[in-house]
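Consider the two complexes below, in which chain A is the common component and chain B and chain C are the respective partners.
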Partner chain A sequence: MGYDNVVTTTAWSPGPGCHGGCGVKLYIKNGKVVKVEGDENHPFSQGRACPRLLALTQYMYHPDRITYPLKRVGARGEGKFERITWDEALDTVEEKFSNIKAEYGPESVLFCQGTGRDIGGPISFLAYSYGSPNWIQLGLAGHSCYTPRLGAMMATHGDYAVLDAGQFSEKRYADPEYEVPKVIIIWGQNPMPGCPDGFFGHWIVDCMKRGSKLIVVDPRWTWFASRSEKFLQIRPGTDGALAMGMINVIISEDLYDQEFVKNWTEGFDDLKRRAAEYPPQKVAAITWIPEADIIAAARLYASAKPAAIQWGVPIDKCPEGSTVAQAIAHLWCLTGNLDVPGGNVIARPAYGVTTYPFSTQEMHELYGEEFVRRLNEKRIGAKEFAMVRNFRGWAQPDLAVKQMLTGDPYPIKACWIQTSNVLGGQAADTALHYEALKKMEFVVVADLFHNPTTMAVADIVLPVASIAEKESFRSWWVPLQVIVPAVEVGECRSDWEINLELAKRFNPELAKRYGSVKDLINDRLKPCGLTYDELKAQGGWIMPPENSASRPYRRYEKGLLRPDGKPGFRTPTGKVEFASKSYEEWGLDSLPYYSEPPESEVRTPEVYKKYPLVMVTGRRSSVYFHSEHRMIPWLRECDPYPIVEIHPSVAEQVGIDDGEWVVIENDRGSIKRKAKVTPIVHPKVISVPHGWWLPEEDGCEPNLFGIWDINCNKLVHIGPGAKSGYGGGAYKTALVRVKKANGAVE
Partner chain B sequence: MGRKGLFIDYEFCTGCHTCEVACKQENSYPAGLWGIKVNEIVLESLDKVEINYLPFPTELCNLCANRTVNGERPSCVKHCQADCMKYGELTELVKEMENKPKTVLFAPK
Partner chain C sequence: MARYGIVVDVEKCTGCHSCFLACKDEYIGNDYYPTSAAQPNEGHKWIQLKEVEHGTGTKIKVDYIPVMCQHCVNPHCITSNNADAVYRRSDGIVIIDPKKAIGRKDIVNACPYGAIFWNEEKSIPQKCTLCVHMLDNGEKTVRCAECCPTGALVFGDLDDADSEISKLLVAKADKVKSFKSELGTRPSTKYIGIPKPFIAGEVILSDRQCDCVKGAKVTLKANGEDKVIEVQTDFFGDFEFKGLARNTDYTIKAEYEGYYPIELTVRTHASQNVGELVLKAK
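Take a look at the complex of A and B:
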């Protein structure tokens, strides 16, 4: 196939739909992308690519793609939209939002995002320019995605940390300083399907080839589990108990790193006392994992040096997710695996460049102290939860949906929804979110395709550019890299373009600072000393410089982590805090502990009697990103049906054959799924993939692409479940039962 | 020149579907046509569940003649996320097999 030129860029959603990072080559012919390949010179991916990236052309040029702005002309749910100009679309948004601000205050508009895409920057930028503190992942119960883990790491060692696969060096595994982890614990994740949290999943495979042994914690046998030394098939939601049990073994058997603990940590004795409450025998009863396996896994992990932990979102979804994450972070601290080669290394974005102003100091500079104080006053959940107030600028989703319905303590009148198909995706208790969104006076959705959310509630739909059409940058850990526009599709615009334009309308001061998106990007890139064009010209990516705060290793010894330049960590005590001062200040237990899931065989035996199966949702598919991609032919045929994985013993008991449609239900409702009878799930657990809606079906109400029939989140209740406001969305622990569908479907 | 083939190290094939989509894109095969198809083999073994994936090149696999003629690797081989596929002379690939168990060799044409 001929082509005119090749554009080298970076993947970061939309298109593959991901947390991005890999190098991409776009082959262009006559102004169209005709082929997509991996960039073999890129240190993140070495030319590799996931199926979603390779199907990019089918995504970009899909006949259903929204390519110009739309306004709703019929009633909500009728699916009648009409083409409008960008001017009309933005004028309408400006007018409606300005009226709401005048009448109710800017906090009455929620700025809702999902995950993926370089969205954090543009959406918080727009929210604050408009004046709303309510930047939110609407629907995500307990805000249970990474934020609990991030908060726990911050509280424990003052920074984030990730498994070291050599990703901070361009030489990768060949870097002489690098060592491969001898043991890797994969805790609640299947790293195969994509690149979670800026981590190329198959780096784990790279490590396995170089000798890493695996311990896998999961309720399902994953491919990784089948290749592990130890597989701990855990009861969903009990990860906190397992972590405490492992700490117990490591301390009582003196397997911890005495040097590191003595020199660099605080609160060891407190932790020791707390961990004594979790002997392996007790933990075995809680977690379904045999006592001997818990002990063996703790020994295997603690005696290997270096060893590392790769963890996933189920940890956030445990009750009190932030305390579970704290316990697991303690494991890598206890064993001296923090910021050492092949351990869990402190992760800062290269050169400290972030996509949006994270820090209070930057926020003050940009918006003024008074404004930032006001945000904290009005932000949903800030009063109730110190962590919402003090850790990150997110509104609390469970309280938000209630407030949308009650108007208490102030009314919510509109939603700006960008990168999020709330109703077909992350919303727990789908019906409740449907009702809440329907109450809104005005809803804008910026997306690439119609979906249940646009159909049910959008008044204005804005067409968004894919990775091949946008100018942006990526600064999630490493490398720091540019996203280069190669072509245009219809009238689609990037999230940054849309939001900068609107932000300037709400805050004309910004126009002086940022004439164009490129000005804004250049402003963010300043710490690296290069402009967007310079970075692009030198190949598009850059790794953090040696001996800097954003490059491993052992920065705590070199005084690279603290603002005062002293050795140690960026915590109140300067040490790793096993008993966290920040948690204490936030009114939380300073030490980790185990908390039973809200619904379970132990806590609610009467519910369990009626609904004896634990439903874990959210297992990833390598051809889908959450609720995306079901309409892409090359991808859909690899994973065609909304399935439920059922253990053969359960199938036999209920009389279900492989491939048969079945009903899954609890007191919150029922859905239908196609049974995949497989021994990979625990006999007391069923696994139900999330994000399913059927683009081939009628999108109008009441059908809404079939969500009421197949969306598993209908069966999951909202919270808030956690004392910190973070964690505990019951996506992994809802109790259900399964029965035959009796030919009700297909 | 001798016959060419595809070498697959199925110890490390994760079943990620990349090779399938890479092949469809390379050859402009519409949905429904497969140049390579990944098979899932899940078996209960003595004390574990054994999960293996094995990609199978179909009769539509042309060994990416258009690429290899320019010295480029086949699309599936290049993009394989586990980097567990190799393309080359069968005689060379057999030597790889000597050194690495859990591998297969396909000579699709």
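Take a look at the complex of A and C:
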């Protein structure tokens, strides 16, 4: 098979679906993508690709893909849609949204997104141009995905930090400054299938090949766990206790970095007093991890130089996720592993280029303090939670769904849903979100396929371009890179195109600044000194310059982190704060602590008696991204059924065999799953993969692609579970029981 | 003359399925006559992943084993009555002729590795061709090995002592195995680290239960044999004996100075976790 040309670009979102960063080669023939491979010249992925990327052609040219705008013509749920033009679609949205703004105020429209991919830019530009403060991950209980960890890091050391796999240098592992971590703690993550948060999972394997030893914290044996020095099989939701126990050991045995703690930190004595409340014996009882293993793990991590921690979303989903994250961040600070080669390095986007304002700080820079202040007056959750008000500028999802139902303190009338399948995906308490969305006067969904959310509530559906069809850029840590359009599919448009067009209609000022998407991209790219076309022409990516704020190492010594140019960190005290001044200001405990899950053998023994198994949801599949890809045949063949992983002892007790359909239930409802009997889960835990709906089934109501039968989030209550408003979505700690399913369900 | 093969380093396979996807991408919708007709849209697994989870309790291993046509030197799929339809090239690649094998469903069942699939629509048996159309076109690698992100699949010329594959086979000679070698098929596909039973456990001292015991001596001896394998417990007090024979009785002895040793016998009908061995103080 010959090709007309090959386009090199960057993967980010529609297609592989993920957080992206990989270099991709698209082989084009007759205006179609016919083959996809990894780009071997790209420093991020070095030629590697994943199944979802390799299946891109099936995704792009799928017969069910939505390729032109639709409007609903039957009743909601009937699945009757009619083709309309882009003009009609955008005119309808403009008119409806303008009417709602006139009658109820712009805050009455929620702008809803899924996980943090390349949508933050387009959707925040649209929301703020329209005037709504309610940019939100609707359904994500406790906003429990990365935001609690980001907030904790910002509070602790004034910046974010990531495991150093040499990703900030084009020479990668061969960079003479780089060192491989001697020990890596993988804490609540299976990095390879998910590639989370701008981190390429294979980097951990790269480090293992270069000698890194692993400690893995997880309730479930992963490939990494079975290749670790030690697997700490933890009780779900108790990570905060483990972190405090490790801090206890490291301080009481003098294993901390005395030099770093003395010169660069504040609040050590306070932390020491707090950690004394968590002796390993007590922590062992809380976490199910043997005392000796907790002590040995703390010693191994603290004595290895350098050592690094790679952490995952279960930390956010712990009760008080932002305080659990704080405790874990303290581990890399105590041991002097912050911003050193092979440790946890401070991560800033290359050249400081961002696709959208991320922190309140950046919001002020882009929109001005006055506008941000006005947004904060009306933003859902900003009054109740100081951290929500002061960090990142998101609306609080649990309060939002309640407000959709009650109209208190002001009515919510419409939702703009983009890159999010609320009902088939992240929403805890699916039925509650279904009821709330049904109350909306007007719902727009921008997506690539029909899903339970479009079928249940969409009035207008807008067809979105895949990565191969759009002009965009990616600036998530490193490198700074462009996304290059290679082909067109139907009438699909990129999220940027759709949103900029609408944003300009609501905000004529914006139209003066940005004639086209490229104008906007060029404006964002300014700090790097190159335009989109220039960056594309020189290979499509750049790494941060040496001796700059966005390139490691030890920037706190060089005065590269603080706005005043002095050495230290961008915190109120200029030091790493073990006792956080920001947390204190936000009305939170300045020190980390452990909090028991809302439902557990300890906190609710009566519930535990009835429902003796802890349901952890969300284990990653290498072939699916959250609720996507179940309709892609090549991928579905690899992971065909909605399963539940059950320990053999539980299966025996309940009388079920491998492959048999079972019922999982609690007081919130029941679902059916196909049992996979396996020793990899803890005997007191079942693992239920999330995001399942069945595209091959009837999408109309009441079936909605089978979500009421198989979506595990039905069994998870909403939050907020955390005092900060961030964290505590109980996706990992709901109590359930399992029984045989009566009758065939296949 | 080259003799092509693949070495699968099982230890490195993370089960990502990229090889499976790359194979689909190469063969679905694409005919490569005379060596292969297009793979059907669904149902065929010319390369497939076997998931193996073994051990119990606190000692578990999760492995993935890619299985495809083994390109045997003595292929069972070639018999006296189908020599026209299936043939082995001089470079070692076994090919099912997509035209001459029409209607020959018996060829599917001849493979002891389950690597041949029936194409209902075209009425032909099909399997991995080792991307022979690419090799004949001058390419130096095959799709699955090319896309393997961890280097678990290594393709190359087994007759070239300087090739990566040959060097790997020499370097890990003690771990190289063929699948079902007892059948005399002599596969060109080789495996490093096919999971075999292990015995693992932990040593604990009765009076120091909250300390992991590093450096306790643990020995293993197959009953009826003289050879003794000795290991020391690691930082976490754990020990492990890998690569053991199946269905064999082993005697394990754990010792630490100042404590009474413990000895026990375990049978490897599967991997065994002997749990905590608590040594009493003298």
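Quick note on the criterion: the second predicted complex is superposed on the first by the 731 of 746 C-alpha atoms of A that agree within 3 Å, B and C clash if a C-alpha of one lies under 4 Å from a C-alpha of the other, contacts with A are read in each partner's own complex, and residues count from 1 in each chain.
Convention: a contact is a pair of C-beta atoms (placed from the backbone, for glycine too) under 8 Å apart; a residue touches a chain by one contact, two chains touch by 3 or more.
Because the structure is predicted, anything quoted here is derived from the model rather than measured.
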item	value
Superposition on chain A - do chain B and chain C clash or fit	clash
Which superposed partner A:A55 touches (first chain B, second chain C, both, neither)	both
Partner chain(s) touched by A:A327 [first = chain B, second = chain C, both, neither]	neither
Contacts of A:L500 with chain B and chain C, given as first, second, both or neither	neither
Partner chain in contact with A:S622 - chain B first, chain C second, else both or neither	both
Partner chain in contact with A:E229 - chain B first, chain C second, else both or neither	second
From 20-28, 74-82 or 218-226, the chain C stretch with C-alpha clashes against chain B	20-28
Residues of chain A contacting chain B in one complex and chain C in the other	1, 35-38, 48-51, 54-55, 57, 192-193, 202, 205, 221-223, 225-227, 231, 622-623, 633-635, 637-638, 678-680
Parts of chain A lying in touch with chain C, wherever the complex brings them together	1, 35-38, 48-51, 54-55, 57, 192-193, 202, 205, 221-223, 225-227, 229-231, 233, 280-281, 291-293, 295-297, 299-300, 622-623, 633-635, 637-638, 678-680
Chain A partner contacts - residues on chain C that touch it in the complex	11-12, 14-18, 20-22, 24-25, 28, 30, 41-43, 45, 49, 53, 55-58, 60-64, 147, 149-150, 204, 209-212, 234-238
Partner chain A, residues of chain B touching it in the complex	11-12, 14-18, 20-22, 24-25, 28, 30-32, 42, 44, 48-53, 75, 78-84
Interfacial residue positions of chain A with respect to chain B in the complex	1, 35-38, 40, 46-51, 54-55, 57, 192-193, 201-202, 205-206, 208-209, 221-223, 225-227, 231, 622-623, 633-638, 678-680
